[in-house]
Amino acid sequence: MPIIDFRVRPPAGGFLSMLLYTDAARRDRLTRQHGFEPAPSAVKKSLSLLLTEMDRVGVGIGVAIGRTSGPLGTISNAAVMEIVDANPGRFIGVASIDPLHRRSACAEITRAIASGMRAVNIEPGSYSQPLTADDRRLYPIYAHLEDAKIPAIIMAGGSAGPDLGYTAPECLDRVAADFPSLRIVVSHGGWPWVHQMLHIAYRRENVFLSPDQYLAGLPGHDDYVNAANGFLSDRLIYASSYPFMPVDAYAEWFKRLPIRPEAMEKILYRNAADLLGIGQAQ
Amino acid sequence: MPIIDFRVRPPAGGFLSMLLYTDAARRDRLTRQHGFEPAPSAVKKSLSLLLTEMDRVGVGIGVAIGRTSGPLGTISNAAVMEIVDANPGRFIGVASIDPLHRRSACAEITRAIASGMRAVNIEPGSYSQPLTADDRRLYPIYAHLEDAKIPAIIMAGGSAGPDLGYTAPECLDRVAADFPSLRIVVSHGGWPWVHQMLHIAYRRENVFLSPDQYLAGLPGHDDYVNAANGFLSDRLIYASSYPFMPVDAYAEWFKRLPIRPEAMEKILYRNAADLLGIGQAQ
Amino acid sequence: MPIIDFRVRPPAGGFLSMLLYTDAARRDRLTRQHGFEPAPSAVKKSLSLLLTEMDRVGVGIGVAIGRTSGPLGTISNAAVMEIVDANPGRFIGVASIDPLHRRSACAEITRAIASGMRAVNIEPGSYSQPLTADDRRLYPIYAHLEDAKIPAIIMAGGSAGPDLGYTAPECLDRVAADFPSLRIVVSHGGWPWVHQMLHIAYRRENVFLSPDQYLAGLPGHDDYVNAANGFLSDRLIYASSYPFMPVDAYAEWFKRLPIRPEAMEKILYRNAADLLGIGQAQ
């Protein structure tokens, strides 16, 4: 069973000009707060080293997540696909958009999917004009994604936004309710709104959680793990949030969590493969 | 010691036309998310089977909770009392009201109590016009209940409302503060606002928690159990939320929780009996 | 290693006319909800007995926290310093202010620091006009404190305010973000917003948590302890919140928590000493 790592920003091309790589001190401080050491590939900004680290633990595919942000930096969808295309079979591209221009955003989504991207990443609190997930300006874009059957990844947790108010869990809940057939992956698992986000996933069958880096060394760990063994086994998705977590050491740590084997297989591979429609291609 | 199950909607009469029974697929999905199998009596819509299930584990009394709701369905107080009266000693009736008409709501409360009902169920987020618990329109009704010394059951958790914003815990806290002698039972235990609701119960002596179905298989489980063994032993109340949970298997599961015997006795019987004024009648 | 107890209101002088001592029944009820018995020194209102209790467990210094409040009572900064000065080396004074008059508040801060006080206590929800931590009227005061490098203690948890809405965690997060070099100690650890407050401390390096009494017998206990052993060891601060907790029995209980020794030493002494600038003086 290969692993799909659902959140990776490879040290290559346009990613290197983003905050992830330009402010190594901030990134490494967070990595250490989770109890991990920075990945050599991140420190050295070496894509080939990242591929080696992926190979070492069986991460077959990294989902390369684009980003359009003020404070966190931006990478174009074309630049993401350059890296995907240059490394056949190793990465899946996820598009980002500028939500303040709905027509061009929808057109860009169409182009991105045509180029091979499989989902769209929405980071409401991190746009140059910070939004909540239920901001009215995002609703035409959610509608477009729902109609086109394209999954959305929504960053509704972590440090997503100027302050904690931007990840208030009711905002994400409204989106899930208003677009019931839009499949939504909540990156960062909605942390720190652990109980609330697990409620949303309990209630809304179209919500998937990917706690990624926020599973390690933080409160809520046991709650996510219990949900993995319980009602959420089909909708929990593994990710490292690389370069915040090393792809190899993090996968090794994750595989040792007390999650029953059939749930672990779903979380590490099957749930993401089904969502992205790559199960068939394996 | 008989058990009082504080939240039961028997498969009989007016209950059968509510969402609980008309959308069995939704109900059974939720039951299974808690790790339980649907109750045969719920599947077969058999009141006599429910009574057998109650007998099997010593559930002497089921508190039959009425409901006035748009999306979840409505049962009249008279229809609840028909079931109560037809099964002497097995059920206690709890009234519901339409909060948008305060005068007729208060008159209905007077009638319902006169007919033998022992409390009033308020489900703010589930009315045809969804409200929060602290909506101004509910305040005349709370005032009436406080003055008449009638307990209120408030659904301030679970999936109570169009989205999670309708169960924001500060709303319930305000009601508890503004009506300090109104005894309030928070059905669903206020889940998923576990820490917040336990804070409210810590601060407000008039707040009782009944986590019912949301205790099983969900985050917060240990927090409720610890509170049961600690400061909340006099104000935690057992309920199955039948038909979401089977009355028998759920009671058996609950009795095995690591709760000290004297607290368990209060939670399964004494706290509810005192609240409803039925201790004397036993 | 002496212990610094970061939140103490000694039974002497102006403190005796505050709610802490005038409503002993309320105080003792809360003490018992945490699983402790009231301190003899609190019951007898005996400062000398408190000093004995401190000595018995090695509490070298108590941080005597002033308060300006409507419902909770007020003590002047001069009255706090009388107690500090009368018991050399045993207490550190922390000032309070009336936030509604910014010029006189800032002047009072200058006077208080000159008199030997080491920090300023802000209790937004407990002023005679209750505020949230991010109320605009507090911002000139935060600015003054940041510029003067004076730590702020902010009560953003517990029962701080008329209802739970006054401790909404995003309010504290905004203050921490808007004044990045203001060192903020969150008294009561921001409880019950446990996950959220730990997120804020994870994100903001200028935030310190002092869960004090709310660590005992309440949900979130394990989360604070895990953070103490993890990313928060340099920014967790011990306090008893005396007279709510007995200084001696609480310290004994705390020292038995599963916190690794080097973190325990920081939490009981070093973090507070560095923050208050008293490390040198020991």
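The chains carry the letters A, B and C, assigned in the order they are written, with residues numbered from 1 in each.
We take it that a contact is a pair of C-beta atoms (placed from the backbone, for glycine too) under 8 Å apart; a residue touches a chain by one contact, two chains touch by 3 or more.
Everything quoted here is computed from the prediction, not taken from an experiment.
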I need the rotation angle between the copies chain A and chain B from a CA superposition, between 0 and 180°, in steps of 5. 120
Same or different residue numbers at the chain A/chain C copy interface, by half rule: different
Cα centroid separation, chain A vs chain C, in Å, comes to 39
Shared-contact residues (touching 2 or more other chains) in chain A: 194-195, 220
In the complex with chain C, residue positions of chain B that touch it: 169-170, 173-174, 177, 194-196, 198-200, 202-203, 220, 223, 226-227, 230-231
Per the contact definition, I'd like the list of chain B residues that touch chain A in the complex. 32-35, 159, 162-165, 168, 191-195, 217-220
